[in-house]
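Same chain, two partners: chain A is paired with chain B first, then with chain C.
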Partner chain A sequence: MTSLLAVLIDGSIYASWLFLVAAGLTVIYGVMRILNMAHGSFYAIGAYSAASLVGWYFNNGMGPAWVSYLLLVGAALVAGLIVGVIVERGLLRLMYGRDEILMVIITYALLLILEDGMKIVWGVSPYFAYQPYSELGRTSLGLLKVSNYDVALVGVSALLGLGLWAWLERTNQGKVLRAVIHDREIAVAMGVNVKLMFTITFVLGTTLGALAGALTAPAISVVPGIGIEVIVLAFAVVVIGGLGSIGGAAVGALLVGLSRAAAVHYAPEFELFVIYGVMSLVLAFRPEGLFGRTLARKI
Partner chain B sequence: MKNNKSKFSKYLVSGVAALALAAGAAGSASAAENGKFRVGIVTFLSGPAAGPFGVPSANAAKVLVEELNKGNLPAPYDKIGINGAEIEAVIIDEAGGATKQVEEYRNLVQRQKVDAVIGYVSSGDCLAIAPVAEELKTFTIAYDCGTPRLFADNPDAAYMFRTGLDASVDNIGAVRYLAATRPDVTRLAGIQQNYSWGQDSWADFTAAASVLMPEAEIVEEQFPKIYQGQYGAEISALSVKRPEIVHSSFWGGDMEALVLQANARGLLEDATGLLTCGEASFATYKDQAPNGMIIGARGPFGQFAPDNELNTWFEGVYQNAYDLEPVYPATKMAQAILGLKYAAENAGVADKEIPSAEQLAAAMKGATFESVSGTVEMARANGHQAMQGITYGEYHYEDGVASIKNAVSFDGECVTPPEGVAAADWIADGFPGAKCN
Partner chain C sequence: MEMLKHPVSGCITIIVATFALFAANTAQAERFELGASAQNADAVIGCLYPMTGRSATYGRDSISGIKIALQDLEAEAKSGLDVPNLRVIADDPRSKASYAVRLAQDFITNDNAKFFCGIVSSGVAHAVSDLAKNEKIIMVGTDHASSRLSIEAGHDYYFRVTNDSWTSMAAGARYLRDLQKETGWKRLAFVGPDYDYGHVSWTDLQLALDELGVEYETVGDLWPKLYEPDYSIYINALQSAKADVVVTALWGGDFIAFIKQAASTRFFETTRLANFDTGANYDVMMALGDQPYPGLILSARHHNNWPDTGRNKRFVKQFHDMTGRYPTYAAEGAYTGIIAIARAIEKAGGVDDDRALIAALEGLQLALPEDPPGFASYIDPETHQIVQAQAVGTVVHNEDFPPSKLMVGNWAIYDAEDLKPSKEMVKRRRDAVAGGSEAVPPPTP
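And then the complex of A and B:
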């Protein structure tokens, strides 16, 4: 019984983290049709920015702990905004309309450049911002003790998912964006400024990636390479859910999170396999992912 | 006209390439003949192993080479450079995998004309380099990698040496520490990175525990992917089994994340953590690791290095240079460089003369030399593998200062299999011939 409860709790927490990481990736693909390999770097930049700022805040004895949560989010927003605008305006804008595979290679090159850039800026020593994680304490559920920060992350993730859904479905800007997703050429013909929508989308995706890194930073040691590890998982989640679908990313994250937690508790030897096992199973029956739509090819 | 242009371009490119190659080769040759002792230093300068292992090691190499060239070391290493010849260190990145490292090694030997190579954290890299060192007849010291297969797979190695200890020593030492300090423990659990390092460490630990702590049972074992970073489910799985000891061979960012998360969730309050590589993050845990957590340094290195003159001197110069205490990878690098200096200065060559690889190997084989970690005996693998004791202790953090308490040391012959005996067989047979103090 304790194990079942643990699977549900661990699975939900892991799923919420996966959704945070995958949301930006799927938003960018949905609108721009760019499979953004550099998303892992945006995650890492968010983690480094947050860890630097929060570390500086506590090392200088600046004040109350709650401010550090604002700093985490603030660092992600600023980092995501700056990097997003630079990359979109300075690189991707020059490449729009190219083949999707070429865009994968371009963003992969960007990932490598950013990985080295981060080493130049932050070095290779670990960064810590553990105070926000430990300050919230923990809750005991029998033998199981759960970090309140992790539980809060589930709430943040759910709010973020709802916010994204509401933005896309309930606002004028969201409707315009959906028009771009549905048919880019018709949207242009109807007077939609697609280039501006691309900039907004890319910066939003970048900021979501940076936010995922910033919110993860308090629970980990921020070291070179963390972004590369994350991108593989994020791809698995969005492929399961269907590339470009926010709801799909949420369901994909839940499927992967719960399956992995169940494997860790009941069959640890399958833990590595289970994520890709779920992905293979879904793709075998729905090659476009759970919520992906089959699109007719334009000739 | 177009064809002529194209041909001209081809000739031009070929010519430039040939000139560049010739210049490179000439540059290497002249550099090798400048009277300096050229040493290749290979360790991680990028990737996840750079922060915990590579950078401290490279820093140790830089500061030690600088001081050696000034002749500032205490006796018996007070001769300038190596055997009076100035040392020139060529430091390269170990990242990229074994195939790349073999290429880099060939480049170091054949183009850069190094006189010796010191390096390798990764066991995969050590195993790939060993046969190439024999093929190129180059004196090579593996300073950190832990695989017992290094000499098991290369029993006739002539040029390859290892001044660090192998991984089975870490885990035999860990069980001996538990048996000595917590003999009543009965519930053991483990969490290891899912690759050969983690699996081999856990196999040695559980085998040794079944012999030295027969009452203890393994209540849980977890093998998450290396660099996973998030261990929520694993910590829950360990917590619900209520272990008394949680053993881990995690290293680097994974280890720091595990300690952070497990401590915040109370696992390391209910159970005692035992980290075989724990000392590498001694300076970074602060109050995020619980008092009493058991840490090791893969030998008498880092915080567990003795208070001898050499180590006191080394700690001083390292601290002056980097404002940090040297962690175990730094001490191990220093040990390898001192081993090389010892071999060169006992190779029977004239002052300032650079010994051949054969002369270096003959001097190093079976040698006993003084180091920052105490006396090192090259007493295993036909005189190619160092044998030293190992120390474990508890991490404590009080009033903003980290320290080690309840440290217990075990002699080399207490934790090292006899010559020619595999660790697994030695453990299974009940450690015959072990000499423990």
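And then the complex of A and C:
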């Protein structure tokens, strides 16, 4: 029974992290039809920025611990905003209208460049920023002790999902965005500034990626390559849920999170297998993903 | 033309591209050429060490270890002894087996190498060991530690000169046996990287505990991937399993990350964490800061503060004078590798007869920095694995090796002869491979 509870708790925590990472990826694909391979790098940049800033804050004995949570979020927002604007204005804008495959190759190249760029800026040694994680303490759930930071991460993830949904479904800007998703040409004809919407969407996506990295940084060691690992998992999640679907990403994250936690507790040898096993199973029966829509394609 | 329509975007693109080109240039790996020139060398040794990436510290320290060995040999030559003139070339295999094999082939073809040395990853070492066997080039392993290389996959041309996973786990099993008498621990779990070294370490530990007759219950074995950044789920699983002792084969940054993440939970309040092969490495000691987490049981293939002998102190000082910092165990491994090759050449009277070199290495005695007083390491003719004593201990405050504020102390010392794999066990494991099994299955406790 304890083990089952542990699986549910660990699975939910892992799922919330996966959703944080996958949300930005699926938003960008949903609006811009760009399968953004560089999303993992935005996650890593967020993690490195937050770990550096929080590390500097605590190493210099700057003040109360709660400030470090603001620094985490602040680092993510600044990093996501700057990198998002540079990449969208400096690279992707030159490529709009090209084949989706070309965009995959371009963003993959960007991923490799940013990976090496991060090594130059931050080196190859791990960065640790555990203070925000340990400062929140732990809570007893039956026989299990759960980190309050992890519980908070689940809450943040749920709020973020609801916020994204509300923004898309309940605001004028969201309606305009959905109009762009539905038919870009008609949206332009109706006077929608599609380029601006693309910039907003891409910066939102990169900021979500950076935020995921920043919020994860206190719980992990920030090392070269974390961006590449994350992008593979995030793809698995969005493919399971259906590309471009926020709800699908949430369900995909839960499926992957719970399956992995069950594997770690009950069959550790199958830990890696189950993630991609679940993906293969879903795609075998629903190639468009659980919440994906089959679209007609002009040929 | 597209850029002319978007001048701002175009400028940003050019800046980013320039930055990328700069990045590509500075990230290039470096080839080291040490010792004698190609014309004057009696023998060329091709070494493979990581110079970039997460294991670069081990590569850098290995290069310094090689330089110290060459200095020592030069001093011997100046004093009139007949020592070979060695040329050492080191390159970065980038943790890729295929690339390492290509570099090793180039060492033979372009540099006329007669020996291979080094290699951090056991997986990469397997591939280069196969090449060494086919090309009849002697390979002296200095860092990778999977005992499979010297037992199941051992061959005439493969030698290893620092403690392997069997030696470390045999020492660890003895420590756990003694600890059980004190504390009565019963529940054991293992967490190791999901590749050859991790799995072989777990098998070695179980075999060693079984040989000693230690009674215990395995409550979990977990296999995070190499370079896993997030161990929280594994730490939770270990806590749920209520392990009394967790043995780990995580190494380097992975082990540091595991400790740091475990320390932010109540892991160390209830569980002892033991790392018998790499845990006491100097980079781990530095990363611990001033926190001697209770329940940490550590050892490594070389310690800066054990044994307290003139030879060890001299080696550590030489390294510190050369680099301005203290060595990880990789330095002593590389030092040993070069000294072993030099002694073998002396003994064989040259490098032309590979069978004479193999015979010279088999049983070769070497007085090394990590040898306790009254003992000299030697290479086991049966397995080609060096036979050495091992010290296991707990973390204590010690600021003699700054910036580290902690070192391992409270030593339990295990004799080299006790840590050798028995002839029966070696035969059993080799027979299992010959019979088609990949390895001897671990005993079921």
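The rule we apply is simple: the second predicted complex is superposed on the first by the 296 of 299 C-alpha atoms of A that agree within 3 Å, B and C clash if a C-alpha of one lies under 4 Å from a C-alpha of the other, contacts with A are read in each partner's own complex, and residues count from 1 in each chain.
As a working rule, a contact is a pair of C-beta atoms (placed from the backbone, for glycine too) under 8 Å apart; a residue touches a chain by one contact, two chains touch by 3 or more.
This one's a predicted model, so the numbers in the text were calculated from it and none came from an experiment.
Asker: Using the superposition on chain A, decide if chain B and chain C clash or fit.
Answerer: clash
Asker: Is A:86 touching anything from chain B or chain C once the two structures are fitted on A? First, second, both or neither.
Answerer: second
Asker: So, does A:175 touch the first partner chain B, the second partner chain C, both, or neither?
Answerer: In the superposition, A:175 contacts neither chain B nor chain C.
Asker: Could you tell me if A:98 is touching chain B, chain C, both of them or neither one (first, second, both, neither)?
Answerer: The answer is neither, since A:98 touches no partner chain.
Asker: Check whether A:113 is in contact with chain B, with chain C, with both or with neither, and answer first, second, both or neither.
Answerer: second
Asker: Go through the superposed model and pick first if A:195 touches only chain B, second if only chain C, both, or neither.
Answerer: Neither partner.
Asker: So, A:220: does it touch chain B (first), chain C (second), both, or neither?
Answerer: Once the two structures are laid over each other on A, A:220 reaches both partners.
Asker: Output the chain A positions appearing in both contact lists, the one against chain B and the one against chain C.
Answerer: 2-3, 6, 9-10, 13-14, 116, 119, 124-126, 128, 130, 133-134, 138, 144-145, 147, 150, 216, 219-226, 229, 260-261, 264-265, 268-269, 271-272
Asker: Any idea which chain C residues touch chain A in the complex?
Answerer: Those in contact with chain A are residues 2-3, 6, 8-13, 15-16, 19-20, 23-24, 26-27, 52-54, 56, 194, 220-223, 225, 227, 229-230, 232-234, 236-237, 239-240, 253, 256-257, 260-261, 263-266.
Asker: Please name which positions on chain B make contact with chain A in the complex.
Answerer: For chain B paired with chain A, touching residues are 45-48, 50-52, 54-55, 194, 221-225, 227-230, 232-234, 236-237, 239-240, 242, 252-254, 256-257, 260-261, 263-267, 281, 284, 288.
Asker: Chain B touches which residues of chain A in the complex?
Answerer: Per the stated touch rule, the residues are 2-3, 6-7, 9-11, 13-14, 17, 116, 119, 124-126, 128, 130, 133-134, 138, 140, 143-147, 149-150, 216, 219-226, 229, 260-261, 264-265, 268-269, 271-272.
Asker: Give every residue of chain A touching chain C within the complex, in rising order.
Answerer: Chain A residues touching chain C: 2-3, 6, 9-10, 13-14, 86, 89-91, 93-94, 113, 116-117, 119-120, 124-126, 128, 130, 133-134, 138, 144-145, 147, 150, 216, 219-226, 229, 260-261, 264-265, 268-269, 271-272.
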